[in-house]
Every structure is written in C-alpha cells, then in structure tokens.
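These are the structures, in structure tokens.
In what follows, chain A forms one complex with chain B and a second complex with chain C.
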Partner chain A sequence: MSTNLHPIEQEELMAYLDGELPADQAIAALSHLELCPECQTLASDFRGVSQELMAWEVESPEVGIPSKINAALGERLQKGEAAKVSSPRLKNRVMTSRWVWAGALAIVCVAVGLKLTLTSRNRNEDRSTAYPSMASIEQYLMPDRNAEIAMARSAAPEAISSDAKILVLGWRGYETAIEGKNGFVCMVERSWMSPFNSTEFWNPKVRGPLCFNPAAARSILPLTIKRTEMVLAGLSKAQMIDSIKAGFDNKKLPPPEPGAMCYMMSRAGYLNDAVGHYAPHLMFYFPLTDKASWGADLPDSPVTLNPQFQGGPEPITEFVITVGKWSDGTEAPVM
Partner chain B sequence: MTSDETLMLEFQGGSRAAFEELFARYRKPLYGFFVRRLNNPERAEDLTQEAFLAVIRAASRWEPRALVRTYLCGIALNLLAAERRRLSTSSTLGQSAPEPKTEGAPERVLWVRQAMEKLDAPDREILMLREFEQLSYSDIAELLRIPVNTVRSRLFRSRLALKSYLRASAGQPHPGRRGMQ
Partner chain C sequence: MRKSATAVSLEPARSGNQETNSKGFNHHRSRRCIGIRIERGKSMNRKMVRKVTLATFALVAVLCAPRPGLAADAKTPYPSMAPLDQYLMEDRNAEIDLARTAAPPSISRDATVMVLGRHGYETAVEGKNGFVCMVDRAWMGSFDSPEFWNPKNRGPVCYNPPAARSILPLTLKRTDLVLAGLSKAQIIDGLKKAFQKNELPALEASGMSYMMSRQGRLNDSAGHWVPHLMFYVPLRDAMSWGAGLPGSPVLLNPHFNGAPEPLTEFMIPVSEWSDGTPASTDHH
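What follows is the complex of A and B.
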C-alpha cells in the first residue's frame, strides 16, 4: 500500500482498529476507510485474525474462592483491623497536645486563605486532575466538519444513522449539519457530559458519538444542548448545576420520555482516558430509578448503572448494556 | 459498575467484598492467561491462585497509577517467567516436561494454537496480550519494557504472519475448518 494513495499507513490502520489512534487521526482513518476498498480488505483481514483467535476459549475454572486464598485473605484483613484499632490511640495522644492544636489551627487558617485566593482566581479549576479547567474552545471542536458528521453517524448502524439528523459542535453550540427523516439525532458529545465530579470533565480529547432515538432526542438531547451552551458561555460548574436544577424545577427541562434510549456503537469514539473507546453499547434513560429494578451491577448481569446523571444534578437514571458488535457489524472484543 | 481501581482501593482499606468482586472478575481471565501459554490446566489453576495470593500480599503497595488489569498481567507475566524457568531446569535435570494437554480441545482451537506456535515467542506474547488480555499498546510496552512503536510494529508483523499461517492451514484438509472453507 503506497502512502501516496493512502493517507494512513497499514500499521496506523491496525492501530485505528485497535482504538489506539488519537481522536483526530482516528477520524481521518475512518473517513479514508469508508472510501478505500483496499484498506477495507486489510481491515477485514485484521478482524478475521481477531475472530479466529476468539475461537480459543478456555473453560471456566471452578467457582468460589479456594481455601488457600481465603486463608490469606482472612489473615490480611485481620492485620488491617489490628492496624485500625491501634490508630485511634495514637490519634488521641496527638490530639491532646495543645501545641498540635495550635499548629493545626495555623494550617487551617493558611489553607482557608489559600483556598479563597484560588477560588476567586478560577472558579472552575480543579488541581486534582490532569484537566483542571476548560481548555481553549478550539481543542473541543473538530476542524473537519465532514469527519464529525462521519463520526456522529458511526454511533449507530447505518440503517438508523443514514436517515438521522446530524448535529455538529460549533463555536456557539451544536448546529444542524444534516436534517433527518426518522426522528433519530446523531452527534458527538464532549467531555462536559461526564458527571460534574469526573476528573475528565474538561478532557478535550473526549469524543462520544451517539444516536438518540426520537424519545431521547426530545427529552435527553435538551440536556446536552443546555450543558454545552453553559460551558461555551463560561459558567462555573456550580452555576451550571444550579441552572440545571432550576431547569427541572421550573419544567423548562423535560423528564426522560418513556422509551428514551441511544446507540453508542462507534469504534471511533474516545469516551475517556480510562476506557478509551470502550465497547459498543446501548443506553436507556429513566426518571430516577432504583438500579435493582433492572438488576444492574449484579453478578453476571449485562446491565450496568451509568453514573453520568443519577441526580447529579439531572434526576435521571441511565442503564447501559454492552453489545457484541460495532455499528459496522464487526465483532467487538469481550469486555 | 464499580471500577477495578476503586475496588482495589476498597480492598486496601480492608473490604473483603471488594476482593471477592475482583476475584470474580479476574479469575477466568487469569486462568485463561496461564492455560493458553502453558497448555496445562492444573498448573494454570495453581498459578491463578498464586497470582491472587500475590495481590493479597502486595495490595498495600498497589498505586492507582496502574490499571488493575495491567497490574494483574504484570504479576501473571512474572509467575509465567518463573514457571518457564522451572520447566527449563526440570528438563535440564533430565525430567521430561509435561506434554501439552490437547485431549478434549476443539479442532478449531488446536488449529489456532498450532498457528500461534509458529510465531516468534516475543511477537506471540505481544499478540496474546493484545488479543486475549485486551491490553493497550502502552500497557504492553510498559510490561515488556519495550517502546510502544516496537509493540505496534511487532503486533502488525505477527497479525500478518498469523493470517498467512491460518490461510495455509485452511488449504489443508482439516475437520475443524469445514464451515469456513
């Protein structure tokens, strides 16, 4: 394969299929792959090898924790308890010293003063993360509009996304790139759709392609639009949370409609640093619901609770079910 | 779902339930790790238990900068290296190494395994860490102490080689390939 004809090397194509390319290169790879039969063949070969390897399954070993491990575990936990029991005595001794009290008071005063200074300087800054504050808007935008459209469409199987409305992120928020016919809306979410306490709330690498069904387009999409508007307007997290709460209180933001769900089956997405592009999955939205009602997070249950909203501040419960194939019909790795 | 890393932190804090959840999540993957590389279910089960014992013993030293999955693979690789040294010493001392157990394995698995055995050992290890343990290129690079680009190029080479071995095998009569010819 000549690089004159192909903008990506074969190794890069493989890295794309493995979800190892950064978002911008992944989009370029996806765009090229959709048009290049030669690369499609190569991609098919790589997938074929992976699928052949999947045949090499192993039988499950016996269930239950073996006695040897149980004994070691008991011993370790017992030691841990012993350490815990001894520490309060130490704490009591320390806290009775008036010099320690005086020192602690001084530290608290300094810390409060420092916190006030930092808070007034940048209300959004969180120094406990690699993404302490919002990056420049350019970093969240995708320079190639067609690439963003392709990525948005890749969220769902073509039979759904080809007739969906497509939104792309612009300087002033999401805008319609292509009108749809089937009521679905596909778009690429950014990091600020993470929980507000997420360390990656401002991660500019995040690209979350999804396709809302009509019920979700009416009741969940407004949240994405609202959060995005507030982010681009420079509101602090506290202001955004207050505004969302008020939106639900005064009914300007709707509750999830019955049947609201979305597809997230793109292999081109990048959901966060911890999971990369994760696995293809579907998400289902409800007013705040006990996760037990879906058997979510129980052993061997395919349903998990997504902490994306969960009352923080949106009164929405979101369940996730992973599926075995990407939107292009190819097998996904078992998670 | 609670992340592996949160569970590990909870276990460090003394939670038995957190360990039990980690055990439930990783028992089969670790067993698969060993059984695919050693072809010996009994030793694979022993080494799986050894890996969890190592987790228990070293839990206090784990730091959340590494994914639990990668951390466990690191432990498993160390145990595997020790096992191979032991097997090698046994052979040197005149004891015959146990034959790989193949009875009961589906034809298709044997066929894939034979193709894998034709790969160079370092390339095979990288391919297995990627395909079965689902590690990222950078995690593999860190575990094997090689550059990420080397991981990528070797992975590329091994996949192409495996494809050709599988194709070559597909040309030969093989009952396990009936449905794919």
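What follows is the complex of A and C.
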C-alpha cells in the first residue's frame, strides 16, 4: 500500500484493527477504509488470517510411534547413511529439504507473531466463545438496503412502523433511510448492543429489529448510535466502556425519559444463537433500579430483566414483557 | 398513519344522531362510550376493527355516561352511589385473598395488603417488598363511566413500590372523597385542588401495577377481562406508546388521562393469570 495513495500504512491499519489507534486516528482510518476498496480487502484479509489462526489448534501427537514405522525409519536411515557420500544429487535434495524446513519454521514464527498482534486487543476476552473478536465489518452490514428497511419495520405492527423513521447501518454508523412522521424510530440492532460480557457480543449473525417510541428515540437510541460509532471506529471494549461512562458523567448521553419503551415483535429477527427470534416483546427503560421493583424474574411474573445495560456501564434498567403475537398478527408461542 | 390503516382513538365521538333500538340500546351513546373513532381507508382490515371494537368495548364501556352531574346519569343502572355496605366486603380475609390474586404469589405474598373500611382503606397486612395490594372499587373508573357507582365491581391490583408511593395516594384520595359523600363534580374539584396544592405526590418513573386476577370483576361488560399490567407515565397521547393501534399489544386506560388526574395509564395484557393458568391473548 503506497502512502501516496493511502493515508495510512499497513502497520497503522493493523493497529486500527487491533483497537490500538487513538480515537481520532481510528476515525480517520475508518473514513479512509470506507472509501478504499483496496484497504477494505486488506483489512478483511487481516481479520480473516486472525480468525483462522485463532481457530487453529495443533493436534496432539500420538503417544507411541507404531513399531512398523520405527522399523521403516531405521531401514531408511541405514540406507541413507550408505548413500549420502556417493550421491551429490541426493545431497542437494537434503540441503533443499533443510531450507524447506527452515522456511516452514519461519512461517510458523511469523504466523504466531501475527496472531499475537491481531488478537492483542482481545487478551481479556473469553477465547472459548465462537465470537472472540469483531468480524469483518461487511459481515455486520446488510447488502440489501431495502431488506434492512423491511426488517426494521417488522419490529412493530404496521400501524406504527409504516410511519416511523427508519435507520440502516452503513460503514460509518446508522444513517437515515426513511424520514418518519410519528416520532417512532425503527432500526436493526447488531450484536454489540448485547452486554459487554456477552459471549455473542461480536456475533455477526445477530439482527435485532426494534422500534423506539418517541421518548426512547430521544433518550435510548443515542446509546445505540454511540456504541455503534465506537465499534466501527475499532475501539476495544474497555475503550468503549470508558467512553460511555464519560458520556453519562459529562451528560452528553441523556438519561432515559419517562415513558421510554420500544417494540421488538419481529419474527424475522435473530437475537442470538441460543434464542433465535425469541418471542415478541416490549421493552421499558428506566434509570438504574433494582429488578425487584417490578417483580422481574420472580416465579410466574410476566416481567423479566434484560441485562443489556443495567449499569454495565449504561445506568439504565430495561424490563421486558412478552406479548402474544408477532407484529404481523400471527400467534407467538407462550414463553 | 397511512390512510389504509385503521385509526383508533379513545376520544369520545362528538356528533351524530341518537338512535335507540328496541332493547333500549342507544347507538349514538354506545359509539361514544366505546370511544373509538375509526377512519376507514381503502384497505381497512374489518376483522381487526371488530376485534379492537369488541375488546375495547369491554373495557371502556365505562365511558358511556355523559359528563358528571348531568341528568343522563339517571339512564345508567348505577346512577348514584349505593349504600356503603354494598361496596364493602364482609369477610376481611376474603378481601385480603382477593387483593393478593392481583399478582403472582412470589410478589403478593410479601406485599402490604389494604382493605376497604367504612372510613377508607386501611392496612390489613404489613408487607416487606414494597408492593401494595388492594381491591379497587368502581369509583376508580372514569368519572363518565356508567359503572362509576357499580357496587359489584372489584378490581384487585398490586402496585409496585414507585406506584405505591405515587399512584396509590390517588386511590386513597378518591376513596376519601367518595366516602365523604361528595358528588362527582365535587370529587373532581377536590382532586384538582389537591394537585394544585401539591397534596398529591408527583408521578414516579417506573410506576406500574399488576392486575392478573381471574377472581376480579372490573365491570359488567368485561368481568375479569384479561390479566394485564398497567404503566403510569406523565400525561400524553396514546400514540406515544402506539396504544390502541391495529396489532398493538398496548391499550390506553382512560380512567385518569387528565380527567382530572394528570397522568396516562397504559395497559398490556399478558398470557397467564396470577395463578399461572393460561389466559387468552386474543384481547384485540
């Protein structure tokens, strides 16, 4: 990559992918990535190598070498000793073989180093999960903009979502696809709206359609926007958490407004690997409070606590109530 | 909203000829009581309209009556307050049990329980989880409800702690005014003055209540209706929650909504009664 054509070096790109660039440089890198197919490909390659390496496991050697193999090796060794002085051609082959082994060793060293570099930002994360780090951005995007609009609208009954504002995810964050007129805002959330300690925080398959009511559009949607911008800027989880805390401390992020709620009644969504589209439900947002104040999660209570925020770090409590029908009016299974 | 959608408003209809059928059913008033104004577009879903109409009728038929103090009250089965004894429950333990059916035992078991006495609600059982359970009487309906004085109504409800602090006082205030023998107009006036003087607490965020009793009787039309939760927010229109729209699981309860209490109450039906038995979710 030439610096004449690209304002960021490969090393910087790798640092960006590792979440090691300062926020302003990360945003600059992201801006260039958005416009540069060559860099997108390179970034994708870097991530691909990283993921393959992380998934790679060295198989354990067999405990004992079968006796037949031992005998064959011994026989070949004797033949080799006898022939090694008399055959210059074979000698060259042996030398070539040594170079091959040396090269292979070098490749392994480079691969291990690359792996350590690419995964440095995930050192504190759970490597036992299927999604230990961010996948390539393309995997989180929906190539069909109209499909994303339709999915976003499926979060609420048509009577609500048909007049709602629709946001779709682009390279730089959510952008308005359709202006609304009833104050509701519908969109498709991605996995990074899960709790930070969720094993599926980076699951690229997650699609969570939801429609915020006007109060939530003003006070909860900014949290989604904020997290998404930071994710796309390549910040680490720790950096994101710090930034969100600072946002609430300096009041750049708003507290939940009274009456803030949202619809999640889509049967087309995919909330995580365990529950799929789950059940149609509504969610309600409040300043951080004890779940007992709503009787949430008690036996036979229809109210459950969503751990999405709950002080980790957003100081918001979110309650969930399942309802009987999907947004299209069809019956949903009783949860 | 697109014209093809069905718009449901809980505002009373304001015009139309009054017609009474052979059974004495007043079509104009029934439309007014149901309070649904439907705008029909080309692709209106008639089935959905029927569902909404039927379900909402069951709950908000209480809006039938004209404004308080008007002579039309005489046309309702319950034109005035019945003797106090008819609103009381003789068996105090039965009232405690009924109050507790409003929420699952995991909640109501540790709740404070209040019962209605001759001088108002009184604490029968001290709780320890901050919830307060009680049985609402008919006067907690809308002031223009034809069942405002129905002595048979019993509405078990469990308030969560924020609602116990900010909504329960409204129930206690209305009850005090009723038991003092005031007219509807006087009660409304008394409530307005109480708010103006800050004698009633401000609404707390996250106030909600459980009404999941299958033993309750909310009014003559709905009976025990369906198990549901109620949510209290500052006064606003139904659209802020998408309430009453086709397919929406949210309904607006008209019993406060600025008349005169300055707060809005939304309801969401749930799938099971407090005892864990399934309930029909086909409420709208």
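Keep in mind that, in the parts below, the second predicted complex is superposed on the first by the 209 of 335 C-alpha atoms of A that agree within 3 Å, B and C clash if a C-alpha of one lies under 4 Å from a C-alpha of the other, contacts with A are read in each partner's own complex, and residues count from 1 in each chain.
To be clear about the criterion, contacts are C-beta pairs under 8 Å (C-beta built on N, C-alpha and C of every residue); 3 or more make two chains touch, one makes a residue touch a chain.
This one's a predicted model, so the numbers in the text were calculated from it and none came from an experiment.
Chemist: What is the contact status of A:130 with respect to chain B (first) and chain C (second): first, second, both, or neither?
Modeler: Neither partner.
Chemist: May I ask you to decide whether A:276 touches chain B, chain C, both, or neither, giving the answer as first, second, both or neither?
Modeler: In the superposition, A:276 touches chain B alone.
Chemist: Applying the document's definition of touch, where does A:299 land relative to chain B and chain C: first, second, both, or neither?
Modeler: Both partners, chain B and chain C.
Chemist: For chain A, give the residues common to its interface with chain B and its interface with chain C.
Modeler: 299
Chemist: Going by the contact rule set out above, which residues of chain A touch chain C in the complex?
Modeler: 156-160, 162-163, 182-184, 213-215, 256, 258-259, 261, 263, 265, 280, 282, 284, 286-287, 289, 292-295, 298-303, 317, 321-325, 327-329, 331, 334
Chemist: Can you list the residues on chain B that touch chain A in the complex?
Modeler: Of all residues in chain B, those touching chain A are 1-3, 13-14, 16, 19-20, 23-24, 27-28, 31-32, 35-36, 41, 45, 48-49, 52-53, 56-57, 59, 67, 106, 108-109, 112-113, 130-132, 134, 136-137, 152-153, 155-156, 159, 162-163, 166.
Chemist: So in the complex, the part of chain A that touches chain B is made up of which residues?
Modeler: 10-11, 14-15, 18, 20, 45-46, 48-50, 52-53, 55-61, 65-66, 68-69, 72-73, 76-77, 80-81, 84, 274, 276, 297, 299, 304-305, 333, 335
Chemist: Mind pulling up the chain C residues that touch chain A in the complex?
Modeler: Residue positions touching the partner: 1-2, 5-6, 48, 103-107, 129-131, 160-162, 203, 205-206, 208, 210, 212, 227, 229, 231, 233-234, 236, 239-242, 245-250, 268-272, 274-276, 278, 281-282.
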